[in-house]
Structures are given as C-alpha cells and as structure tokens.
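What follows is chain A paired twice: with chain B in the first complex and chain C in the second.
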Partner chain A sequence: MSDLSTTPPEGYDSEGYPIPTATQPDSEAMRAEMLKIYPQKTRRKREKQLLTNNPETPPEIGANTRTIPGIITQRGCTYAGCRGVVIGPIHDILHITHGPVGCSYYSWLTRRNLARPKPDQPINFLQYCMTTDMQEEDIVFGGEKKLAAAIREAYAMFKPKAIAVYSTCPVGLIGDDVHAVCRQAKAELGINIFGFSCEGYKGVSQSAGHHIANNGVFKHMVGLNDEPDKEKFRINVLGEYNIGGDAWEIDTVLKKCGIHVTATLSGDISYEQITKCHTADLNVVLCHRSINYMAEMMETKFGVPWIKANFTGAEQTSKSLRKIGKYFDDKQLIDRIEEVIAQEMAALKPVQEEMRKRLQGKTAAMFVGGSRAHHYQHLFKDVGMLTVAAGYEFAHRDDYEGRKVLPTIKIDADSRNIEEIEVEADPKRFVPRKTPEQLEALKAGGFNFKDYDGMMVEMKKSTLVIDDISHHEMEKLIELYKPDIICSGIKDKFVIEKLGVPCKQLHSYDYGGPYTAYTGAANFYKELDRMINTKVWKLITPSWKKPADPTIAMGKGIDSPTNKTIREVVAGMAKAWKPQKSAPASSAEG
Partner chain B sequence: MLNGTTAELVERKALRINPAKTCQPIGAMYAALGIHGCMPHSHGSQGCCSYHRSHLTRHFKEPVMATTSSFTEGSSVFGGMANLTQAFKNIFTIYNPEIVAVHTTCLSEVIGDDIPTIIKKSIEDGSIPAGKIAIHANTPSFVGSHVTGFSNMVMAMVNYLSEKTGTTLNQVNVIPGFVEPADMREIKRIAAAMSANIVMFPDTSNVLDGPLTGQYKMYPEGGATVAQIKSAGDSIATVALGHFASHVAAATLESKCNVPAAFLELPIGVGATDRFISTLANYAGVEVGPAIELERGRLVDLMSDLHQYFHGKRVAVAGDPDQVIAITQFLVELEMKPVYCITGSPGNQFEKRMHEILDGPVPEAKIKQTADLFELHQWMKNEPVDLLIGNTYGKHIARTENVPFVRFGFPILDRTGHRFFPTVGYMGAVNLINQMINVLLDKKDRECDEEWFELVQ
Partner chain C sequence: MSCSSCKPQVGPEEEGKEEFPGPTTNACKLCTPLGACLAYKGIAGTIPFLHGSQGCATYIRRYLISHFREPMDIAASNFAEHSAVFGGREVLHTGIENVSRQYKPELIGIATTCLSETIGENMPQLLHEYKNRTDVSHDAALVHVSTPSFKGTHVDGYHKAVRSIVESLAEAGPENVAGPVALMPGFVSAEDLRHLRELFAAYELPLTMVPDYSETMDGGSWAAYERIPVGGTTVEAVKALGSARAAIECGHILATTSKTAGAHLADKFSVPLHRIGLPIGLRETDRLCEVMGSIASRETPAAVEAARGRLIDAMVDGHKYVFNQRAVVYGDEDMVIGLTSFLCEIGVTPVLCASGGRSRHFAAELRKLVPELPESTIIREGADFSTIGTEAEALNPDLLIGNSKGYSLARRLKIPLIRCGFPIHDRMGGHRILHVGYRGALALYDTIVNAILERKQDTSSIGYAYL
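Moving on to the complex of A and B:
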C-alpha cells in the first residue's frame, strides 16, 4: 500500500491504485438488452441475478439459486465441489468415488491442485483414479458390498493412512448407506475411513459440495492430533487450493516474514497437517465461499479466530500481511513484514509500472468460481484496468453483498438439505487465542474479524454483476462491451476466443501461474500484457480482405515496390549467366 | 510418479483403478455434435453435463455446447419431466437449434424418466415448436462405456430420422465411428477422390475443428443435416466402421429401411483401409483410381523404408475397442509385437477379434476387455515394452517406465496433432508411422552412448 499520509501522485487513487482511464457503456441499457431474449419465467429469474452495481448500497442478488433447465451454465455439481475442490487436493489419502465410472474419471487430475510428494509419503494418490465403477447389477441390487470390497482391495494394495469415499447421484437414489460401509471398514481395517453424501443433485451448484466437504473434513480429520508445530506465529491458510502453485508462492512470502503455515486447506496438504490444523493461532480465509464453514467451526470448537485476507494482487498481499502482523501484535514480526513488503514492492514496482503503461485503459470482465471473480479484480486494478462486469459461478449473497446480509438470507429447500453440523466449544481443547482485553484493543484499532464485505462494494458504480452467467449473456456481453480480456473457465474459453477476445481461464490458469503474492502478481501482469497486446488476433483477416497494404506485394508480384530490389538482383543474375560451350551429353565426372 | 503401482498382480473384483473408459453420455454428446444445427441435451444433474463439456473441450480445444435439465433433489424424487419440458422451451427460444438430441444420465436412468413421452407432450404443448425436432438416446453409464453412448446416439439418429421413401438414391452411407473430426474429413476426402457419393453421419468435421474468424457460430457449418440423415434410408448401402461404435446403427438402418450394411472395422493401416476402400468403391460403383493407389503406394514404401525400426518391437496398446482392434492390425502389418492390448469397455467381441488377429503372429499377447490402465502398467512392470500407445492418461505410465509414448484415441488433453492429422486411411497410417518413429528414435538419440549417436538414420 502506498503511504497514505501523502497525497497520491497524479493518476493514482488514495489506496495507491492507478485510476483506470477506460469508460463503460450505460449498464441499464446493456442489462435490458441481455435479458430481452428470455421467455418470461426465465427472464424474471435472471433479472434477479443480473444487476447493475451500486457500491454504496449493493442491491440484493438472487445468488445460490437453481439454474434454470435448458440454460447453458458454467456450473457443475455438488460432487465436483466436494471431491474435486475441497478434499480432492489431499494427496496422501486415498479417494474412492462410489458410482458409475464417469464422475470419478472426469475428476481425475483435471483440477490443477498441484502437490509435491513428501519424503514420508512418496505416493501421490492424486495420480490414481479409484472408483467402484458400478454396473447395472449394483444399481439394481445395491452397491454397498461392492464398495466394502473396493475399500478392502484398496487398503490391501496401498496401505493408506485414510480413505475418503464420495457418493454420486445414482448412489443416493438407490439408497446405499455409504457411511455405514465406511464405519465398518474403519473398524475392520483400523485406519480412518469416512464417506461423503455429495450426490450431484443436492444443492444448486458446487457450493453445496464445499459445505458437505467442510463438514466431513471437520468431523473426521480436524482435531485428531493435538501436537502443535513448534514454530511461532502459526496460521492456517484456508480456501487456497494451490492451483498453479499459488499456495507455494504464499507460503514463501509468509515464511520470509516469519509466519508459519500449519496447514493450507487444502492445497498441497497432507493428512497429518489437517489433523493438527486446529492448533494454529489464526485462520486466514482466502476463498470465503468454499471454506467459511470450516473457519466458523474451528473457532467455535477450538477458539481459532478467523480473518479474511487476499493474496491476489500486490496491494492486497501487503494489506493481508499487515493484517496478520497486527493480529499477532509483535513488534519484531510487524517490522519484518514491513521489510518484506518494501523488498518485494521494490522489485515489483518497475514491472508493475511498465505493465501499467501497456494496460491502463483496457477493460476486463470475469466470471468464475466463488471468490476469484472478486480477488482477481485487484490484479487488474494494480495495473489500471477497469473491470466492467463480474460474477461468480456458485457464490452466495454474502460473497456479493458482504457478510452483513447473512442474517437476511432466506434458507431455501435446496440449502436446507445440506447438513449443518452442531458444533460446541471443546471442553478441554478450546483455547481463546486472545484475551478479551486484547480483542477490545484490536477492535478499537479498526481490526475486524470475520469481515468479508463482498465483491460489490469494491466494484465501480454501474458495472454489471452477473451471477451464474449464461452462455447467451456472455455472448451479448462481448458484443455490447467488447472487453479487452475475459476471465472464465474451459467451457467458455473457446467461445470467447472465437469472437476475437482473449480468455484467461481462472480455474486452470491455462496451465500457467502462480499468480499469488508478489511474484505471482508480476506473472499475471505479464500474462495480461501477452494476451491483450498480442498480434495474433490481427491475423484473423487475410490481407486480401483488408485495405491495400503497401508493405505486402498484394499480388503484384515482382512489380511491387518492395520487390524492386529483388527484381534488380535477379535481372543481374540473368544477365551474368553464360551458356557453357560444348557441354558434354552425359556427366563425365563419375 | 505412480509409485503406488507394483509389479505384484492382485485380482480385483470391486475396485477400478485408472479406468480406460468413461461414461456413456459423453459419447452421446459427441455424436450429437455431428448433426448440423443440433443442441445436445443432458437430462440429469448439471454436473454431468459440465464434466462432459469440459472434457470434450479439453480434447478439441473448441467450443462444445450442450444444455442440461439441471436436476435438483426435487426432480430426483418427482422425476424430470418438468425440467425437460422447461428446458425444451428455453433451448428453442434462446438458442434456436433445428434439433435437440437428448441423452440421459445415470440419475435420470435410475429415476426411469420416459423421454419419448416427455418429447411427445412437449410437442403437444408447444415447448418444442412446430418444425423443430427432438430425438433421444438412453445412455446409462452403469452399462457399457462412452463408446456405447456414442453408438446409442447414432442409433437414435437412424431410429428417429432415417426414412425410406422408395426411391433409391445414388449414395452410400458411411458411419465413421467414434473418431476425430480430422478422420471424418479424411473419409470425405477419400470418397471424393474416388468420386464416391457418400452421406456420413455423425460428422463433426467443421464443427469441432472450426477456424478463427472473429465470429462465433453456435451451430457451425459442419455436421450431417437432418435431411441427409433422413435420406440415409434411401441409400444404396451403409458402410459401418467399427463394431462397437457403428454396427448397431447400421443394423438398425438395415432392418428399418432395408439398406444393406457392410460391417467393417476402422480403416487404420493397410489391410483395413483396403477393405474400406474396396467396399466403398463396390457399393458406389466407382473405380478406386490412381490418386488413392498412389497414396497407398507411398504408405507401403514408407513401411518398407522403416521396417528395421519397427520389426519385433514390443507394444502396449490401450484404448477404445474399435481403435485397439484396428491399430493392432496395423502394428502387426508393421511386424511389431502388440503384447498387451486392453480396452476399458466391456464386450466379448473385442477379445474374440483380438485373438483372431494376434494368436498367429503374437501368441504371447495379453488381451483384456473391461481392463484398466493400472493393470496394464503392472504388466509393463513385469515385462517391459518398447512403445506405449494410448490416450493422454497413459503419460504417467510412459514417464514412470521411460517408454516412448504415442497419443492415440480419446481423450488427448495435452497435445494438438489429433485435431489436424487423421489416423484413418493411408495418410492416417503415414501419420501414425511418423509419430511412432519419432518417439522411438528420439528416445534412442536421447539415451544412447555418444559413440552410437548417429547423424543419419
């Protein structure tokens, strides 16, 4: 963050961000245009999810509601949110999907939650796709026996520390009791085995799966090992999945500052780390949507407080580090953090400045996930770009409007069927991390716990906020706004690019990254520059469909001005050629 | 990498590890994209549709459009009728396709939704507007594999669309199988080179290999038109390529419209392509002609040039049954030794045919249907091979065992060639040879002692 005591330099705002120079069209008109095509019932629903923003009083958004059948949506299912997102990255436990083959097949190494094998656990189970591959007879007669046998076979071959079992849609319907099978297997094999009822039809998106996963991880893993790490200033980083090495980047910066990460949930995490994560001093929540449940439960049961932070964007990284420093209230730590920030920013500034020159005035739109569509806006802000439209794929109202709306969120039928587990303070292990006086002092100093203000307050007035964007709206958005770049996922990427707009995938990062902290920010700015300023899109129109280009011969061949010198050279060569006298009829050389 | 895999073979009855197949709907979705103006629709929870679209997109690097019934818990209790009807209404209003091809998922199969009835009702109540079409295929994933799903959707095209009017048209149907757009394009090129008039369905060329133009077309130029599929009932004959992906549709057409079918294998390698070409020439009443003979001659020339590098090399092959059957024959033509040949899909015909192919030249070969990559890897640990052929999921095995690897089949998520270069026909065989020789010689060049590092090969 820039020094607030001085007035910001020209072209920069009070927070130190370069002021975007791009303008945006009239969003109300755009909104009407996008909604026009829908049948009435569909339009009425989409109207609530497609809003023009007002940062002062964010309007209520119809988030976390069902996707309308027939609408081309980005969303996936509960299973994907549970197995794929939250638990999938734990690399040293074995994951078995109970169901027909497909669900497990598609979740096999398709998310980029990178993991490094550890010396004590050289097998990276993420490379294995395990499933009961249910057949017709299993559907008809029930799959419990097959699941029990599969667990036994898996244990015999791999001897894992723990096994997690995931249910897919048909399993819930035929009524297999996955939890009973797991309990029995646990008793029989003596390792930790637990199941998740994460059938895809539960809930309205991946989000339900996050909740189910949080519950399961909390119930079956967290708190099994009370031995804290020896380091000082222990935190957990929650809601960071190490896509493209993001968690490693955050880890590196924290380490430099002297902050120790007990566990990152759940990027590159081991079973051992999860079992003792309740011994940390603070939970730092990055992706609020996928993991706020865990943060809440750990606080209630073990007394670990949580704060919201963000390591995407340089300014945000500095802000987050300072917040952690403030929490620990340790002079040495705070000084060290300032040193690190100064060092990192000194290295980053020139890059940022150069990229700002190349990117300021450009616009972006992003539709992805449950936190990235917010977090990534900061990277664009860093270089003076304007986000004209943004929205999440599966977030809730609080992620848009801020946690202050939590009490007013109506629980509908789809949310009600997701278990809310009752958590109480652990009689022995609940340890308040701060005394009431310390808490008071922190609050007095403007320090907020559990503070997530959501995306809308940080977006400009009259930008578009679109929840669960449909294909139609995406196409319209491109037509009406012509953003310079769109961040989205694999299913949209090539649609967007066919229209000549570069698309950065924010699930897989297009196999780039990391993009967190300072080095990550530099990577991202450069990536933006590459994508936005590439000339590859200019090749779309062939030269013969463009106005005559004097640098190209344009079919005039050797007579074109550029070929003039060639003409002279060849003419000279032709003149110089003399026929050989009495050339032999056949080669005499051999 | 993969260091949980040991050489010790243990019989597994319940656990599938690293499957060599996936589920039916993705095949049905792919097939439906080969109809011009078609929106594939996944009747079930939205997760399946999302997974299938994502995976197809990763393979083709092209837009893959499909809609979903977005089931919630309520629909799984009360059935998906309301969802599907509403979906039809939305799809035709917003995305305006000519035809919607519905496939089921595990969920709607277990619920037992009666799709034909829902289609009928939706036509009656106008959710499917007049002049628009909906077809469907049942694609439960607890039966068969993605190949079955493909086959079921092609059969649905015949069932719903093909008609016999009584006037035989001068055209031959080609059902190309679960192959790449590049392969379908190649089949059309071969037919055109012979002046054979064909109708091919499905046809994903110019759908999933579109150009960059600055425009986005939800329904690109390509795809077999409904009119063409309809006219297939009046064709002289059908040439169906691949037992698992195409034969059922051809047999259906034979019994429905009395169009005689030739049940062939995928035209990969010399013999299978010869059979395809002469069958097509016979039915179409044309000469094969010098252009195609020239291509064939060049292929055989290349095979003789490179014979020394291929002869006796041990190969492991994993893939879809039609692909494995076809490429194994080509490997035998090259006098290689396909010692391990697996498919994840179930089907006795696979093992039967593979034994016919291999019992003579490679009696030691291990052949297995309903197998998985984990087991194949274990075999390789017991007795190594010189070359691995399979889809992208083989890359971990290839790296672990340091085996040259040729990507072949579906899906290929990490390379590009499959999108442009066919593997069918004589030129397809040239492409395969090119890929194999490159990985074999690259390994030698990388690893041989310096004194054996040769400039010329």
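Moving on to the complex of A and C:
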C-alpha cells in the first residue's frame, strides 16, 4: 500500500496491476446474441442470469435458482457439496456414504484435496471410500440395520476418532433415520458419530450441501475442545480445501509472517483441529460461498470475528496479509509481514514480468465455483490479462453483488429445505476478541469485518456475467469472444478444447497446483503460458486444408505499410475461415 | 444381474453377516446408469438422459470424462424435493422437450437413477403420456431402461441399455435378406471397438455394432461446434437388425442371463446367436475368429493369421520373463475372465481373480473356461478393494492387473500395475488401450513383459542395461 501511493509506473494501474491491452467487446450485443435463440420462458429465466456488468451498481442476478430440466449444467448435487467439498477433506475421520454404490464412488478422491500423512497418524483415511452399498432389500426393508452394521464394522477396522454418515437421494425417500442410527452408534461405541441429511435432490446445486455441512460441523465438532493453541496470532482459514496443495502454500506464507493457523476448513485438517477452531482470534474467509455460515455461527456463539480475504493472486495475497496484520495491530507482526511481502515479491517479480510479456493482451473467461471465478481474475490481472466474461456455477446473489443484498434475497422452496440452525452466544465461552474501542478504531481506519463485496464490483464495466452457464452460451461465448483461455471444470473442458481454446480446470486444477500465494501465483502464470502459447493450437488444421499463407503469397516488401494492412485483412479472413462449416449452429433452444 | 432375485429371501441383517459384512470399502464397481449412458453414446445422434437428480448425471459425466477425456453430455430431469415426493412426470416431460429442442437428437436414451427407481416411477406410462402430448416435439426416438444401482453394476446397466436399444428399435426386415452381423461387444475400450471393426472388415463381414462409441468417445478436434459428437451406430442400422444374418454377443457372464440384446434378436427374429467371451487372449480370440469364419463361410484371412502368428512368436520370445509370475486380476467379471484366460496362456499364475460384480456365476465360469487355473487361485465376486487388498497382501503377487483404482494397492505392495479396463484416470489414453483380438493380446503381452523387465532393472543393484 505504502509503496503504491506514488504514481504508478507507466502501463500499471493505481493498484499495481499491469493495464490489460485487450479491449472489452460490446457485451450488450453479445448478450442479445446469446439469448435470442431461447424460447420465451427459458429466455426470461436466462435473462436474469446473463448480465452485462456495472461495477458501480451491480444489477440483480437470478443466481441460485434451479436449473431447468433437460438443460445440461455443470452443477452437482447437495451430497457432493456436503461430503465431497466441505467435510470430505477431514483426513482422520471415517466417511460413510449411506446409499447405493455410485454416489460414494464418484466422490472418492476426485477433488484432488490433498493430505499429508502425519507422524502420529500413519493412515490417511481419505484414501478410503466407504458406502453401505444399498441393495434392493435395503431399499424395500430399510437400510438402518445395514448402516448400523457398517458403522460398527468400520469402527472395528480403523478405530477412528469420529465417523460421519452421509445420506444420498434414496435414503431420504425410504425414510431411514440416519441420525437415530448415529446417536445409537455413538452411545454404543463411545466415539463421535453424526449424520448429514444431504440427499442430492434437496438443493439446486452443491451449495445446499455446503450449508448442511457447515451446520453439522458446527453442531457436532466445533467447540469440543477449549484448549487453545499456544502460539500468538491464531487464525482459522475458512473455505480453503487444499486442492493441489493450496492450503500448504498459504500456511507457509502465514508461518513466515508469524501468523499461526489453528485450523484450515477443511483442507488437510484433522478432527482435533476442528474441535478447537473456536479458540482462534480471527476467522479469515476465502471461499465465501461454501463457508460463510460457519464464520457467522462462530462469531455469534464464540465471538470470533471474520474478515474476507483472498490468497489467489500476488497482489491479493499481499493485501490479505496486510489486512490480517492490521487486525492484530501489532507493530512487530506488521513489520514482519512487510518484510515477507518484500521478499516474496522480489522473488516473484522477474517471473511475473517475464510472463506478463508473454500474456498481456490476452483475454480470459471463467465459470467455476462459488469463489474461484472471482478470485482467479486477480491472477489474470497480475499479468495484464483481461477477463471478458465470468460467472459462478453455484453461488448466490451475495457472491455476485455483495453481502449488502443479503436482506433482499428471496427464499424459495429449495432454500427453505435447508435447516437454519439457531445459534446464541455461549454463556461461558463467548469472548469478544476486541474491545469496543479497538473495534471503533479499526473501523475508523477503514477496516471492515464481514465485508464481502462480491465479484461484480471488482469487474470491469461491460464484462459479461453468466450464472450457471449453459452449453449453448459457452459455445456462443467461444464464437463471439474467442477468449484465449477459459477456466471451467472437467465437464466443459473437452468441449472447449475441441473448439481450439485451452481450458484450465479450476475445480481440480487438472494435474497441477498449488496456485495460491506467491509461489502458487508463479505456478499459475507459467501454466497459463504453457496452455495459451502451446504450438498445438496451430497444428489443428492440416497443411492441405490451410488457406495459402498470406505472408508467403505476398513475397518481398512484406513489411511495407500498404502490405501490412493487406496482410492484416487477409489474416483476419483466414482466421474467420473455418473448414467444412457444418450445420447452422443457431437452432438451439432451451 | 441376478443379485437378489435368484436366491432365497433373507433379511438384510442376515445377508450382511453371511456374505457382505460391513461397508463396501473402495468399491470395485460403478453404478448402473453409468453403463447405460456409455451404451447410449454408441448410437449416433443420441443424448443420454437420466430420470432423477442432476447430481447423478454430473457425477457420471465427470467419471466417464476423466477416463475418455472427451465431452460427455448427459441430461437430467433434475428432481427437486417436490418431484421426489409427488413423482417426476412434469420434470421428465420438460426435460425431454428441452433436450429435443436444444440438441435435435435422433434418440434420447433414458435411464433411471436410484431416486426414480425408489419412488417406483412407471416409465413406460410416463413416456406413453409424453408421446400422446400434442404440445411437444416428437422428433427423437425415446428408449428407456431401468437401471437402479441397488441392483447390479455399471456393466449390468450397459448390457441392459444395449438390450433396450435393440428391443425398442429392431424391426423385422424383408425376407431372405442377410443383413449385417449384429455384434454386442461388451464393455470395452474405444480402441477395442475400432479393432473389432477391422477384424470384421478382414472377414468382409458387414457389421452393426451395438454400441459403437469408438468415435463419439474418442474423436478428433472440431472445426465447428458439434452439439452431439459425430459417430456411433445409426438408428437406421439398429432398426435393420431384425434381418441380421447372425448375432454375436461377447461375455460369458452376460451369456448366463437370458434377457440380452442377442437373445431378443434370436427369439423375435430368429437371428442365429453366438455367445462367446470378450475376445481377450489367444483362445477367446480364436473363438471369435471361428465364429466370424463360420458366418462368413471363409478361411481365416491371411492378415488375421499373421497377427496370430506374431502373438505366438512373442509368447515364445518372452516366455522366460513371464513364466511363473504371480498376478492379481480385478475388474468387471467378463474382463477378468478374459484376462485370466490370457494370463494362464502366457504362463502367468493368477493368484487372485476378483470383481465387484455379483453375478454368482463368476467362479464357475472361470473354472469352466480356464481349466488350467490352479485350484489354489482365490476367486472373489462382490469384492471391494479392501478385500482385494487384504488378500493380495497375503499372496505376495508380482503384478496387479486392472483399472486405476488398484494404484494405491500397487504402491503399497511396490509392484507394477498393468492398467486395463475401466476406469483409467491416472494415465493418458485409457480408452485407447487395446485388449481384444490377437493384436490386443500382443499389446497386453508387451506391456506385461516390459513392466516385469522394468521392475527387474529398477530393483537390481547392478542395473542391467541389456536384457
């Protein structure tokens, strides 16, 4: 901050980002083009989910609404959000999926949420994927006995500290009382056992599962151990799942600064850490969508305040570290943080500069998650790339428009399904972390708690915002915008790449990562360079189908101003030329 | 497939104790509709459609995609709580209508999920109602199959969908027309399907494969957006199967069930049916060649003979390396039978043959088809990787043969994993592994021998460079 108050160097903006040289296309026209083929009813719905951005007054977006049957979506189910995303990464409890075999199989280590073996715990339970594997007789006669037997057996095999049970769709219908089975097993076996009613059909996406998971973790795990860690400056990092080792990267930087992580929810986390995470001094929320409930509940019950931060992107990492420093208001810590930032940036700058040269002027679009489509824009900004379109897969309005719209969000039938648990201040354990005076002073200094402003205010005017993007819209986007890279998930990846655009998976990172903090940022820039500048995209059209190379055809004098203009025109034509254009692509409807 | 129906009814607890105690830990099977969706992808212009929650479609897509590295669209009727309670008629109809308009498919391949099966959706009735509606599009043929995952595995879903496709589409043709051979190849790789086509071409036998996803699930890059990737057996071709000159169905376990696509063609249209195994290894490929030869009434083509010759020659050359190696084989039942038969041919001893399938015929078929299988070989059906792991640890094998899910076991035992079957998501080209035919056997053979040599080199203190 301090070093940025001076005039920025040429080509950089006031925040220190290189100014992108690509220009934002006319998104109003693009939007109309994308929407025009939908029949009226579908169009009315999609119009609310496909907007052109205005950062000053973000328009209202129709997020978190059910996908229309027959429209192929990237979204997953409630179970996936609960078992797969939020609780799955806890590595020393056993996870048992109560249901038929598939739901559990598909959530078996597919997210690349990493965990290291611990010295005191040789087994990493993440490699086990347990299910009651319900058979017809269980559906007909009920699966409670089978579940009870599975829990007993699982306990006998592994003697875990806790067991979590997840219900899938059929379980909700046949009416198994999973919670009663868990209570009984808990009494019988003497370990913590709890269930989640996270049947897939309950919500419109995995988002409902996040909420259910937050509630369960809070009810059954948080607050069981009041012994705080001994270290100073204790924080929890919330909404960080250690995909590709992201959490480790953040840990490393925080540790260098002298900030102690009590718990990361829930990347590479142990049961023990969760039970005492309420003893931390501050909650730092990364993925607002998946975990804001937890932050709120911990604040109400135990007095742990929360702030929003982001460790994706170098500038953002520095900003977040400074924010944490400011909260603790400790001179030594603040100085240390500045030292670390200076060190890390000195190492990163040459890479960033090198990659900026290769990437500035390129454009990107991203459709993923409930936070990454926002956070990753900063990594692109770091190297001068322009985000031309972005949207979430399962976020809510507040993730787009900011928390200020929370009171105005309408509750629909799907959201009503999800339990809101009543939380009160704990009579003994509620400890305000700051005095009212300290809070006032912080606020006066521009420090905001619970301050998520959403994606839209940080995006350029006229960027396209597309919630729960459909196939048709993705296809149109590629046709109209020709972004240099698209970030999405595995379900779109190969469609996008077949169309000649590189696609980076931002759920599982393909094989890569980490991408957080400084080292992670360098990884990501290089990955972008690899993907965008690979030669393979130029090899797609065989020589016998290529139009004559204009530069060869024109021979010498090629760089004369007139020829240059001609060359650009011809090259433009060549670019627009597509071999064997197949059936007209304008018949899609929803 | 006959999991619960062909044995006396027992209470769940009793059964749990007797046979499958405790949870399934690291399953060695996937869920039923996944197989159905893959089968549907082998019919040209088809969109698979799951009647149930969107989550199953998403999960199944991501799994098939991680193996094939190709686009894989599956639509869903996207149940909400309301439809789960009151039935999914509305969402099914809206879904079909939307898919028809968006994708203009020739066929919509519908499969049920556990959810719609649990509430007992009457699919024929619901589809009948759709067909009677006047306000919707009727361009696509509708095929449906019942695929609850609490009954059977992905392989069962696959075969059931194949049966449904043939049953709903095949029509009686003109008399005295010898149409193409109907081949039901089983759950094999895209490369396998291509090779089978080549083999039939060598015999100059016209062929209709149900399904054929060799292009839809392993295609080139696109010049323009392909709403439904090109390739697959056409609906027309399946329709014409009523006059197929013969039908061949691959899979010994499949042959233990009566309701198959081949059986339907035989029963309804009197198409002569040949039931063989997956043509993996020498004997099982010989069997396929015999059948092709008899249908075509011709000698084995020279190229095929030559391929067989090369395989035998390689087996002679490499015998010393593979002889008496001990292998653990796991995966789909029919795949394991084929691989086991082949391993015995080349002198490798399968010490454990395991599958997550529960046909109740696995052991008997293995013993019957591979008589040289040592008596001590352990055969497990309904197995998960927890069982396979425990058994394998005691057996001290040299090799693991099966899909990617055995990787952590191979790592634990410090032995090579020869990747075969489905799913393979930790290597490139899992869908291009060739298992079938003499050429497939040869490719497998080279892979196995080389894995053994590599291990020998890696673990040697001297480091032989010349083997």
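Convention: the second predicted complex is superposed on the first by the 544 of 590 C-alpha atoms of A that agree within 3 Å, B and C clash if a C-alpha of one lies under 4 Å from a C-alpha of the other, contacts with A are read in each partner's own complex, and residues count from 1 in each chain.
As a convention for this text, contacts are C-beta pairs under 8 Å (C-beta built on N, C-alpha and C of every residue); 3 or more make two chains touch, one makes a residue touch a chain.
Small disclaimer: the values here were computed from a predicted structure and weren't measured.
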Side-by-side fit of chain B and chain C on chain A, or clash: clash
Touched partner set for A:Lys36, first chain B, second chain C, both or neither: neither
First, second, both or neither for A:Glu475, with chain B first and chain C second: both
Which of chain B and chain C A:Lys331 touches, first, second, both or neither: neither
First, second, both or neither for A:Lys410, with chain B first and chain C second: neither
Which of chain B and chain C A:Lys538 touches, first, second, both or neither: neither
Chain B versus chain C as contact partner of A:Phe141, first or second or both or neither: second
Partner chain(s) touched by A:Phe125 [first = chain B, second = chain C, both, neither]: first
Chain A residues contacted in one complex by chain B, in the other by chain C: 39, 42, 66-80, 96, 99-108, 110, 127-136, 138-139, 146, 149-150, 152-154, 156-157, 168-170, 172-174, 200-202, 204, 413-414, 417, 471-472, 475, 489-491, 493-495, 497-500, 540
Residues of chain B touching chain A in the complex: 1-4, 6, 10, 12-19, 21-26, 41, 44-48, 50-55, 57-58, 61-76, 83-84, 86-91, 93-95, 105-107, 109-111, 140-143, 145, 210, 212-216, 344, 374, 393, 396
Chain A-touching residues of chain C, taken from the complex the two chains share: 3-4, 9-13, 15-17, 20-27, 29-34, 49, 52-63, 65-66, 69-84, 91-92, 94-99, 101-104, 113-115, 117-119, 148-151, 153, 219, 221-227, 386, 408
Of all residues in chain A, those that touch chain B in their complex: 37-39, 41-42, 66-80, 96, 99-108, 110, 117, 122-125, 127-136, 138-139, 146-150, 152-154, 156-158, 168-170, 172-174, 200-205, 413-414, 417, 470-472, 475, 489-491, 493-495, 497-500, 537, 540-541
Sites on chain A touched by chain C in the complex: 39, 42, 66-80, 96, 99-108, 110, 127-139, 141-143, 145-146, 149-150, 152-154, 156-157, 168-170, 172-174, 200-202, 204, 413-414, 417, 471-472, 475, 478-479, 489-491, 493-495, 497-500, 540, 578-582, 585, 587-590
